[in-house]
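Have a look at these structures, which come just after this line.
First chain A sits with chain B, and in the next complex the same chain sits with chain C.
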Partner chain A sequence: MNISFEESWLHKVNPALKLFTLTFLFVFAVTIHHLNYMITFTLTVSILFFFCTGQPYKHLLLFLLPFLLVFFSTAVSMILFGKGETTLFKWGLVNVTEESLYRGLHLGFRALVFAMMGITFVLTTKPVQLFYSLMQQLKLHPKYAYSFMAAIRLIPIMFEELQTIRDARKVRGIQSQKGLSGVLKSIKSLPIPLLSQSIRRAFRIAVAMEAKRFNSSNARTFYYHIGFSIYDLLFIVYFVLTISLAYFFALEFPLFPVTDVRH
Partner chain B sequence: MSNRLKLTDILVTIVISIGFGILYKIWGPLYYAVKPFGINIDQLIYGMWFMAATVAFLIIRKPGVALLAEVAASSGEFLMGSEFGLEVLLYGIIQGLFAELLLMAFKYKRYDLLAVSMAGISSCIGSLILDFYKGYIGDLSTWNLVLYMTFRFIGTILFTGVLANSIVKALEATGVTNLVRTTSQKDFDSLDQ
Partner chain C sequence: MECITSVNKLKLKFPEEEGLLFNDLTISIRKGEKVLLLGPSGCGKSTLLQVLSGLIPQSIDIPIKSESIQIPDSWGFIFQDPDSQFCMPYVDEEIAFVLENLRIPKKEMTGRIKELLATVGLFLEDIHTEIRTLSGGMKQRLALATVLALDPEVIFLDEPTALIDEEGTAQVWDTVKAISKDKTIIIVEHKIDQIMDVIDRVIVFTHDGKIMADGNSTYVFSNFKEELKRFGIWYPNAWEEYKKEKVQNTFTEPSDHMLRLQNFRGYRKKENAITLEKAAVHSGEWIVVTGANGAGKSTLLLSMMQLLKTSGDYRMDGRPIKKFADLQRKAYFVFQNPEYQFLTNSVIEEITYELRQRNEVSNAEFVKKANDLLTIFGLKDKQKQHPYHLSLGQKRRLSVATAFIQNPQLLLLDEPTFGQDSKNTFKLLELLQEECQKGTIIIMVTHDLNIIDHFATRVWEVKNGKVISDWKKDEIKTGSEGNVYEYIF
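And now, the complex of A and B:
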C-alpha cells in the first residue's frame, strides 16, 4: 500500500511511550460506565484521528467506514437483546429497553474509541521505529524484536505467493469440488503451501542470522536511536487536558439522562 | 533436548503468527458483518482468533510458543489497522496466556486433538472473562448469553481444535515440521494416540 501523507507531530512522539499511553487510556476507557463521559472521551480521541494523523481526508473517511459498521453492529446486539426494565419496544425475542438502548450506545462508542486509538497509532508509527523503541526504552529482547521486523518484511512475499498459488491452480484447471468435503479441501489447499513456505523461509532467515553472528545480548548497538522529545510531553499534556475537559462537559452538559449504564 | 526458545523457534513462530494476523484482520469485517443478525451466529466463527496459538504449538511443540504466537498474531492484526484497535493486543495476551496455561498443565507432552481443543477452550474462557468486563455480556438476556457462549465454544473446538490439528497433520506430510522440531521416539509415539 502506497499512501502519501504528511508527517505530523504525532509521528515524532516516542513509539513506546505512545503505545504505553494508549494502552493506559484503553484500560481507562473500560472503567468508564457513564454514557455522557464516554461520548466526550470519544471526542478527545477523534480530534487526534481527524486532525493530527497527517492523512488526507479522503483516506480518513475510508478508514471511518468500517468503524461505523463496528459501532452499529456492537450497539445493535446489546440494544435488541439486553436486560432492562423500561420496555420501549417488544417484538418476539427482541426486547428494546431504555437501559439496553443506553448500554448499547455506550458499547458502540467504546468500540469506536478503541478503533480510533488503534488506527491513530498505526497511521503515525512506523513498525521499524516501534520495535527499535521497544528494544531501547522497554528492553524488549532483540531476538523477538528482529523476528517481528523480519516477519513484517515477509508480508508482501506472502501475498505474492498467495497469488502465485492461485494462478498455478487456475493454469492447471483445478476446479473446486462440490459439497462440504470439497469446501474443506479448498480451505486447506491454500494455507498448507503458504504455511510450509513461510516456515522454510523463516528457518533459512534464522540460520542466516545466526551464521552472521546475530548477537542477541542486550548490549548491542543500534542503527536508529529513538529518544524522547518535547512532543512526548505535548502528547501527554493533550490527553490530561482534554480528558479533564471531557469530564467537565459530561457532568455540566449531559446529553442523555443516564449516569451508569450497567445493570 | 533443550526446551528454551531459540532464534529459529521464535522467528518461525512469529512468521506463522503474522500470517495468522493477516487472516485475523480479514476475519474482523466478516465477524461484524454477521453480527447484527442477532442470535449470535457471529460467535461460531470467533474460534478463528485462538488458532495461531494451537497451530504454532503443534508445529514447534515447545513451552512459550502458544503465548508468543497469540501475542504476535494480535500484534500483526493491530499493525494492519484492525477495527478492534488496541483491544486485540489485550485479548491476544490473555488468550495466549490461557492456552499456554492449559498446555502447561499437560506438561507440554500432549500434541493431540484433545489437548489443543482444551487449550482453545481455555483461551475461549479468557476471552469471555474480558467480554464480561468490556462488553457487559452479563447484561444480555439469559437465553441470549447461553447461546452466545455455546456458539463460541463450538466454534472454538472446530477452529482451534479440529481445523488446527488437520492443518498441522497436512504440514507434517510435507516434511517441513522436521526443520523446527527436535524429534524423539516419544514424539512419534504420541502421534499415534
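And now, the complex of A and C:
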C-alpha cells in the first residue's frame, strides 16, 4: 500500500514511547466505566486521529468505516437485548432499558476508541523505525527485530502471489467445481502452495542474512538513531492535559445522567 | 599461488535422499582465480558453493564430513532469487544492514552507501528508494553492493542471472567484471555466453558429483563439448549447434483457428495497463512477446486469458470472447512458477486431473493420451511422485503437459524457459513446436532472443503498456538471422 501523506509531529514521536503510551491507554480505557468520561476520552483520541495523522480525511474515514460498523453493531446489540430495570421501550424480544442503552453506548465508544488509537499508531509509525526504536530503547534482541522487518517485507509479496495462485488454478478449471465441497476444496488447496513458497523464501532470506554476517550475539551499530525529542514531551503532555480536561468536563457537564454503567 | 578456499575428501548427503551427493570430492581454488562451475542440474554445484563459503553447515543444517576444509576469511554470496535475499524494504537500509553487522559507525554509513552504489553502477535519485521498485538486474546489482560492503576476498555467485532478463544479465556481468580485479570469483551459472572472457578456470561436474574436467575454458570447451551437450550445459554456441542437428518434424494435418483482436485493452485496478490496437493471429503462428521488465508483457497474456478486465473486440474463430468462461478448454495459460498450478498429490493424478473433472477417466483414448504425454515429456517413471518433489525442469514439463492434455487452441506461456538447462529448453521448445504445427496458436513471453531466431514466427514488442510493433519473421529477409535483433530494438 502506498498512500501519500504528510508527516506530522506524531510521526516524530519516539515509536517505542508511542507504543508504550497507547498500550497504557488501552488498559486505561478498559477501566473507564463512566459513560460521560468515556465519551470525552474518545474525543481526545479522535482529535489526534483526525487532525494529527497527516492523512487526508477521505482515507481516515475509509479506515474508520469497518470500525464504525463495529461501533454500531456492539452498541445496538447491547442496547436492544441487554438487561435492565427501567424499561424505555419493549417490543417482542427487543427490550430497551435505560441501563442497556447506556451500557451499549459505552461499549460502542470503547470499541471506537480502541480502533482509533490502533489506526493512529499504525498510520504514524513506520515498522522499520518502530523496530529500531524497540532495539535501542527497550533492548529488543536484534534477532527478533530483523526477523519481523524481513517478514513485513514479505507481506505484499504474499498478496501478489495469492492472486497469481488463484489465477493459475482458475486456468486449471478449479472454479468449475460447484457447491460447498468445491468451495471448501479450493480454500483447502490455496494455503499449501502459498505456504510452501513463503517457507522457502523465508529460509532463503535467513541464509542470505547470515551470509551478510548477521550475527545476533554480536554488538551492532545502527543506521537510524531513534532518540527522544520535544515531540515526545508534547505527546505525553497532550494526553495528561486532555485526559484531565476530559474528566473535568465529564463531571461538570455530563451528557447523560449516569455515573457508572455497571450499576 | 596460495590457496584461498579448499575442501579435501568431502562427503555430503542430503537427509531426505539416498546416496551421497559428494563422495570424497577434493577441490581447491587459488587466490585471484575466476572459476566457473558447470554441471547438469542436480549435480551439487550450488551445494558446493555453500560448503566452500561455510554456509553449510553453519547456516544450512546439512551434515558434512571432510578431512580438511578451508573457508575464506572474508567472502560474499549472491543468490539466485533477487527477491529473497533482502531483509529490509529500502535500498539504503539494506546496505546499512550489512554495515551495522560490521559495526561501522553511523556517521560513516551514508557515505559508504553512496560509494558502494556508485561502484556497482546504481545511480538512484534518492538512496532511500524502495527495493521492490527496482528491476531484476538492479536488484542483483544491489546485492553485489551489499556483498562489496563486506570487502570480500572471495565472491560466490549462485546463478545470479537465472531469473532476470537479458538486459539485466548484461548489467550484472558488467558489474562483476568491473569489481572482480583483485578478487577471487566462483560462479555457478547456466547462461555462460557473457562471462567467458572473465573466466580463467572451468570445472565440470558429472551428475553424480565428481569432477569430470578442470582447466582453462579453451581446454574444457574443445575437449568436453559432447559431455557438456549431454548434460544440458549452455556452452558457447549451444544454439547454433542445436540448429544444425535439428531435424524437421513430419507435418501433420493442422487444424485451423483464428484470433482477432481490435482495440483490445487490459485493465489493472481500473487503469488501462495494456493496449493492442489490432491483430489477427492464425493457427501455426508462434508469437514471442518481448519488451523491458514492467512493460506489460505478462499483463497482455493475463488479459488475453481473461484473467484481467478487458475491453475491445476479441474473437476466437469468430465468436466473441468476453469473459474467462468463453475460453475454457480453448485456451490455457502456463504460469512462470509451475508449482502454482499443481493441484494433486502425484504426477499421474496431475495430468489426468482435467479428465477426471469431466468424468472421462474411463475413456481409453484419453488415458492413452495421458500416458503418451508422460512418455514424451520424460515423466513416465515419475508417475507416483508428488509434483513438488520434481526438479525445476520436470515441474515445468509437467505443467506444460497438463496444458497439452486439454488440446488448447491458444496456449499462453510466461517465461517457460527461465532458469532451465539447454537440454530441458530444447526439449520443451520442440514439444511446443510440434503442438504449434498441429494448429495451436502459441503466444509466449520470453527474454531469450534465440527463441525468436529459431522458433518464433512472429514478434510483438511491448513498451509502456502498448504493443508497439508486430512483425512476422518471414516478412523480413531471413538471409542472416543474426540481424533479427535490429528489428526488435
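Following the convention adopted for this analysis, the second predicted complex is superposed on the first by the 255 of 263 C-alpha atoms of A that agree within 3 Å, B and C clash if a C-alpha of one lies under 4 Å from a C-alpha of the other, contacts with A are read in each partner's own complex, and residues count from 1 in each chain.
The definition used in the following text is that a residue touches a chain if its C-beta (ideal position, glycine included) is under 8 Å from a C-beta of that chain, and two chains touch if they have at least 3 such contacts.
Just so it is clear, the structure is predicted and the values come from calculations on it, not from any experiment.
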item: Combined model on chain A: chain C and chain B, fit or clash; value: fit
item: First (chain B), second (chain C), both or neither touched by A:Ile165; value: second
item: Residues of chain A touched, compared between chain B and chain C (which is higher); value: B
item: Which superposed partner A:Ser196 touches (first chain B, second chain C, both, neither); value: both
item: Partner chain(s) touched by A:Lys139 [first = chain B, second = chain C, both, neither]; value: neither
item: Touched partner set for A:Val207, first chain B, second chain C, both or neither; value: both
item: First (chain B), second (chain C), both or neither touched by A:Ile155; value: first
item: First, second, both or neither for A:Lys58, with chain B first and chain C second; value: neither
item: Which of chain B and chain C A:Lys83 touches, first, second, both or neither; value: first
item: Inter-centroid angle chain B-chain A-chain C after superposition on A [Cα, multiple of 10°]; value: 70
item: Minimal inter-chain CA distance - chain C and chain B, angstrom; value: 6
item: Residues of chain A at both interfaces, chain B in one complex, chain C in the other; value: 150, 152, 196, 200-201, 205-207, 209-210, 214
item: Residues of chain C defined as touching chain A within the complex; value: 53, 55, 58-60, 76-77, 79, 81, 83-90, 92-93, 96-106, 109, 132, 146-147, 150, 302, 305, 307, 324, 328, 332-333, 335, 337, 339-343, 353-354, 357, 388, 402
item: Complex contact set, residues of chain A against chain C; value: 128, 146, 149-150, 152-153, 156-157, 164-165, 167-174, 176-177, 189, 193, 196-197, 200-201, 204-215, 218-223, 225
item: Touch list for chain B against partner chain A, complex; value: 6-8, 10-19, 22, 28-29, 32-33, 35-36, 38, 40, 55, 59, 68, 72, 75-76, 78-90, 133-136, 138-141, 143-144, 166-167, 170-171, 174, 176-177, 179-180
item: Complex contacts: residues of chain A adjacent to chain B; value: 22-23, 26, 30, 63, 66-67, 69-70, 72-74, 76-78, 80-83, 93-95, 100, 103, 107, 110-111, 114-119, 121-123, 127, 143-144, 147-148, 150-152, 154-155, 158, 188, 191-192, 194-196, 198-203, 205-207, 209-210, 214, 216, 261-263
